[in-house]
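The letters A, B, C, D and E name the chains in turn, as written, and every chain counts its residues from 1.
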Amino acid sequence: MNKSAATFALYASILALGIILPIYFPNYVGQMTVMWMMVVFALTWDILGGQMGYNSLGNIFFFGAGMYASGMVQVGMFYDLAKYNDAAGGGIYNFSFAQYFTGLSVGFVVAAIVCVIFAVILGRLVFGLRGPYFAIGTLAIATVIGELVSTWELVGGGQGMSMPNYPGDLGEAKFVFYTMMFVLAISTFMFVRWLYGSRFGLAINAIRDDEQKAEGMGIHTLRYKTVAWAIAAFFLGIAGAIYGNFNNFFEPIDVAFPTTTFGIFMVLMVLLGGKGTLWGPVIGAILFHVIKEVTWTYLLNLQWVALGLLIVVTVVYFQEGIMGWIMRKKPEWFGIRVEGDKQRLGDMK
Amino acid sequence: MERIWANIQIMIDIPVLTLGMVIDGLLIGGIFALIAYGLALVWGVMNVKNLAQGDFVILGAYITWWLYHAGVNPIFGIPLAFVALWFLGWAIYKTVIYRVIQHDLFTSLLATFGIAIVMQQTMKIVFGADEQTIALNLESYGFFDDLLTIQPTRLIAFVSAIILAIAVITFMKRSRMGQAIRATAQNPRAARVMGIDTEKVYAFTFSLNAAICGAAGGLIALIWEFQPFIGLIYSIRAFVIVTAAGLGNLAAVIAAGLGMGVIEQTGAFVLGTEYQQAIVVGLLVIVLLIKLVISSRRREVVE
Amino acid sequence: MVDKETPQDASNDKASAIEQSDKVSGYGAGGVETVISVEAVTREVARMSEGVPDAATLEKLAGDNIFVSIENLKAGYGQMEILHDFNLSVAKGKSLCLIGPNGAGKSTVLHSIFGFTNIFSGKITIDGKDVTRQKPNDKLKNAGIAYILQDNSVFPNMTVEENLWMGGFLKDKTDEAKEAAERVFQKYDRLAKRRSQPARVLSGGERRLLEISRALVMNPEVLLVDEPSIGLEPRFIDMVFEILDDLQNAEGKTIIMVEQNAKKGLEFADIGYVLVSGELAKAGPGDELLADPDVGRLFLGG
Amino acid sequence: AEENTILLGAAISLTGKYATAGNHAKIGYDFAIDKINAAGGIKVGDKTYKFTVKYYDDESTPARGGQLAERLINQDGVQYMLGPYSSGLTKAIAPVTEKYKIPMVEAEGASRSLFNKGYKYLFAVLSTSEQYLASAVALAAEVAKKNGKDPKSVKVALAFENDPFSLDVRAGVIDDIKKHGLTIVIDDKLPRNLTDMTATMTKIKALKPDLLVVSGHSKGAGTATRQIAEMKLSIPMVAMTHCESADLVGKYGATADGYLCATQWAETLTYKDPIFGSAAEFNDEIKKTYSDYADKSVPYQLAQASAAVYVFKDAFERAGTLDKEKIRDALTKTDLATFYGHVKFSEFGNNIAKPMVLRQIQNGKYNVVAPTDFASHKLIWPRK
Amino acid sequence: MSEYIIEIDSLSKSYGGVIANKDISLKVKKGGITGLIGPNGSGKTTLFNSIVGYHPVDSGSILFSGQDISKFRVQEIARLGLLRTFQQTRIYAKMNCIENMQVSIPHRKAGFWDMFSSRDETTIERAERLLEFVGLYEKRWLRAGDLSFGQQKLLEFAMALMNEPTVLMLDEPTAGINPTLINGLIDRLKRANEEFGITLFVIEHNMRVIMNLADHIYCLAHGQMLAEGKPEEIQNDQRVIDAYLGAH
């Protein structure tokens, strides 16, 4: 089998699995939705973290921003947001089929746009920071915003926000959100695949390896960095919007801006799969999610210990990630040569 | 907005209260500085960003607390926590950290994040999930009709923190090990060429940091409530302080620690307690932005 | 393949004018006519060499009282083998210079001696003691090896003075290190002027000077020197070689050096090795190699 | 035996910030199940069943809670749910149970915003959170009147954690303050990770309120108690939630004296039922079974969890079938006396038959002081 | 426009107390090869850094094609076509040599959407030809970070050529390079200069190189301009000999 046929078969089978699995295991649809979300997390994190060397701990901000943006739009289009969110206010709010889906589609678009705008603005601020300062700076921004949102009465403050209920059959709802998340994950993947193959990929790799040099060579570093972040923000924003509706309820600290859970998981998954590679994040995310769900089921009460140990073991013994490991063992699969066509004196005679 | 002005008005009208908050901020800032100093050490020397910093602290608190309930006065309990954490730090270095030292930022962040999780859970299993504290219930010193109160435990904690900090700093400046640590921080390969056993230096540094955290935890047990999952907030504070102060600069770390204590207390008073957490982190953002502006004038970046 | 073995137009009077004047120190002067690509060099060497000199030949070359010896060393980075069955012998108080094209593995030889590489097989002995598996930090203490790295190795945030003290880290008494530092300052006014400034502010050449003098504080038996003249101004290059000469001849130190400034290196060293693609291509007394027309054409720039 | 069990499901906070209270609740569930099973189980029609529970750890995060509920229902086949700990988690789980039409009897989600959404499968045995500290406000007004003062002159300081539960308590308190016409002088919200309340306490020093109301789970209660003493504040009346789970008396001894503590339940109350006996008996038995509580007072979180299981038992027996719709219908008609208090659900699912009680710490004892019908002791005012 | 592409007028730069450059004035002729020599620590690298914008200057002006660039930032200057290499080599360590070359195309000519254009064949071909020249063709798939010191230096040089700069500033391009290869480098530099009209400005300690290469040489000492002139003049200038070259 030649290489492109193999690739095609791989893609086709993943696509097929994504469609077939939820039909055969309808009970796991919720978890599978979250799994695809994890794939989006990992892929978008890797754009900056793996490919560009900018290790952001604050990407989760866009997730929350997308969630809140779309939530506000979905409710705000039809009701008074403040009243809706006033917990003591009582009252039951109904969304018709049309209202719900209009809100949803407008909400997603707004979420994506808002996140891109945020990325451009924030990028101006944080891209002057390097290394750990960038990581901590972005973490700080995500945390501060989470804290501030939790004092913002309009969106429910620390009480959080309940999203409109899906107007149709509730069993159908989960397939709807699953499909959205799956499509999002696939689109994200295809997009970054194309991206890394273009000049863009090279330039952000150069920034990763030596940004000062890249600047000195005339690469428009800020432009590349901003665009890279905006791309990540775009997909994360939509993921947030989907998740807000999927989960039906969100609040700032634990759901929308969970810097210490999802925010760290993003990084962990990429590391597990192998950072700076195309497939690494995908494999890492799926594996991580599956392991996590399994330990949650079978090691109740010890699941966090298991997760902690998994992290430690990965980092200690498996630093280059799964893809990195494969690359080291089978470099020729990736067109990488470890050794130049080295001549030895003896051979030349 | 009105509320903020009202609060500022109070601070102006009753300056003793303001003074009280500043003093209190300094007292707790001493402990923050200690934790941050430990972080600056492992960060600077080994390039390990230790996310388990706060969990070392909490473990130190638990050890002191446990000893207290077993009848050991914290005066002895805290040094014991120091020693216990020293050995734990050493063990963690030998099993995990030695593998991640020469790697990039995230390897160490994640490894220590993993350690943090394991520690939290283990503490929960061993000590339970309840909030604990060592309540010595000492009578506070009151001044100006009790408008200004100074809590003896906080005073003790502050003084101990300062003594420990001075001891560590002197050690770093004067001793051979201290010298080796500094050299290794700057260029490990060259240090090896000088005959320095960098492995030993790393193990020592990591243990020292854990021990410092252990002692700081003992002090925290004396003044606050703690539970297994609260370590993260101490880690965050340490990161904020170190980021603000920069590595290598001890005086700055201590100043930033004290400053953070004061700003936390007064800021929460002025803006409202709900912003306290935001203030801590917001402060970091502001410091970074200032650094950015300054360095962009110098055609540089913040590295 | 760009194979420009034909010399360029030799009637470059500017160049020949310089060749005449013997005033220039450091790198020396000379023409720049010979233009050969790296592959061509490798191929030529393969053609001309009479096979890899074996260990016995090398020992004979080194003379008696062998101090440092490497036997059948296979070493490299990670899984990659850079040195293939490499042998080396130097007698006590002698000097050896490794030359060869870029990437031949010269630095790797020094790395291996000091313990910075992965050693797959082979043996390194110093004064009869096996040091193959010793950790780098024990090399100075137990085997008396000092190493001057090819790239930057100052402690940037320590002062120049402290840097020198660090050179004597293994000394039991700190005073001795301080005395040694004073001696350095007396010799090099340049460093003395900067003694209490952090080393990061030094210029490239000043750093090199610091690195070299620092390595001498411990009074080592064996000196590994990787391209001592890199980045140095011409007068300093001469000075460095004078220092090395003094160390070898007056103090009886054994020196293993890598030098791209091959002319200088071979002039200085007792023995010269030519390394190509991780293998020894030629070995001989320094002046003999220097006179060898092939070596001249392929490694000395014509 | 396999057929003869009824599987209940619960996502509960075993880790994370609600782990303490979550564990109380879990013990409550476990205890009740053991007790009911030992007492002959549940008679449904002519069969007897035993309860078993499937637990998951929700880590105190709502996101996780929702997922776990889904998993319990879909993968573990749970048909009847017990509630999680805290209002936030209940808010995340209720839409799921509603979606799958799974009846849930919960004991720890008190936010009243849970009960205005029109949920049909959600039942809560406890009093809703706006009632938690309402009687404290009433008491303060009463005291003021008795001392011949205008309630308007009573200055109130509020310190509430910024989380769904505490904010709900706050909403109730504010309603009552308006009702009685008191004046709010401080209204601080505490971030969730707060460990130090110096800022709030300093404000109290400046503004000298007559009543301080605190709600912030056990950390809030402990921290406030400690710092009130340390900063030598004299506040005539202090009311808070979570005194028992924070073990104020054990930790702070005399300094906690005089505090008013909201509780859903107290062992001194005169409720009883055939399984658990009287409140006092329940209390003793817990102390006997779980050594952790031997020298602590049993938190009400534990008691109400037990009560929730008991309510299920009752509903199963009255329904006479395992059909979940029928169970739901039976639950709506619950009218049950328990050791925990009377249980009767409104059309929204909250318990309307049981009042909150207020206890005051008096010489290290929790004595019921309000409402008057239940009071065993007299209020001590001012505190010191 | 004047025949000089870089014109520096009384440029000063000090680090705290250390005066690295004092009142330096010099001119780099368009299309020529200008040399810069001077003892260690005389301020050569500092001068380069000032020109390409790595730090602010204290005073003085730097004109590039008549435009004052002393306040510009690194990228802006690079995009004008002013490129420099580093004394301490800098390459993209985790990318292979070909990628290193590909990413070194002249970005100043790129528009916003060019960011997303594909990696074309002609670029790769050009990259390969250049790599072949510096003797790295066989190593083209190797990670640049795994190259030896000298090989990295060569790669950096090839990358600079790839960028088609107007002015190329080289900081000790031959330090650590094998003498035979140095000849090749010089040859290539001269050809780059002649064929593409790239102006060269070179720091060197290697007299063999600079004397053969440059047509005009400046010599710094103690941060100040000591002498300037044609190679022969410099070589025989007593001040230069005293301060720098030394004599036997």
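For the reader, a short list of remarks on this structure follows.
The criterion applied here is as follows: contacts are C-beta pairs under 8 Å (C-beta built on N, C-alpha and C of every residue); 3 or more make two chains touch, one makes a residue touch a chain.
Nothing here was measured: the structure is a model prediction, and the numbers come from that model.
Any chain that touches chain B and also touches chain E is listed here: A, C.
The greatest centre-to-centre distance from chain E, using averaged C-alpha positions, is reached by D. The greatest number of inter-chain C-beta pairs in contact is found between C-E.
If you average the Cα atoms of chain A and of chain C, the two centres end up 51 Å apart. Averaged Cα coordinates give chain C a centre that lies 78 Å from the centre of chain D. We define each chain's centre as the mean of its Cα atoms; on that basis chain A and chain B are separated by 32 Å. Between chain A and chain D the centroid-to-centroid distance comes to 38 Å (mean Cα coordinates, whole Å).
Of all residues in chain E, those that touch two or more other chains are 74, 138-139. Residue numbers of chain B whose C-beta contacts span two or more other chains: 120-121, 232, 272, 274-275, 277-278. Taken residue by residue, chain C touches two or more other chains at 39, 80, 152, whereas all remaining positions touch fewer. Chain A meets chain D in the complex at residues 26-28, 30-31, 34, 87-88, 90-92, 147, 150-151, 157-160, 162, 165, 170, 173, 247-251, 253-255, 258, 261, 296-297, 300-301, 303-304.
Across the interface of their complex, chain A is touched by residues 14-15, 55-57, 59-63, 66-67, 70-71, 74-75, 88, 91-92, 95-96, 99-100, 111-113, 116-118, 130, 161-164, 167-168, 171, 175, 189, 191-192 of chain D. By the touch criterion stated above, chain E contacts chain C in their complex at residues 15, 18, 38-43, 45, 87-88, 132-139, 146-151, 153-154, 172, 175-184, 186-187, 205-209, 211-213, 231-232, 235, 241, 244-248.
Chain contact summary for the complex, chain A toward chain B: residues 49, 55, 125-126, 128-133, 135-137, 140-141, 143-144, 147-148, 150-151, 260, 264, 267-268, 271, 275, 302, 304-305, 307-312, 314-317, 319. Across the interface of their complex, chain D is touched by residues 7, 10, 13-14, 17, 20-21, 24, 28, 120-121, 124, 128-131, 133, 135, 137, 140, 142, 146-147, 149, 151, 153, 224-230, 232-233, 264-266, 268-269, 272-278 of chain B.
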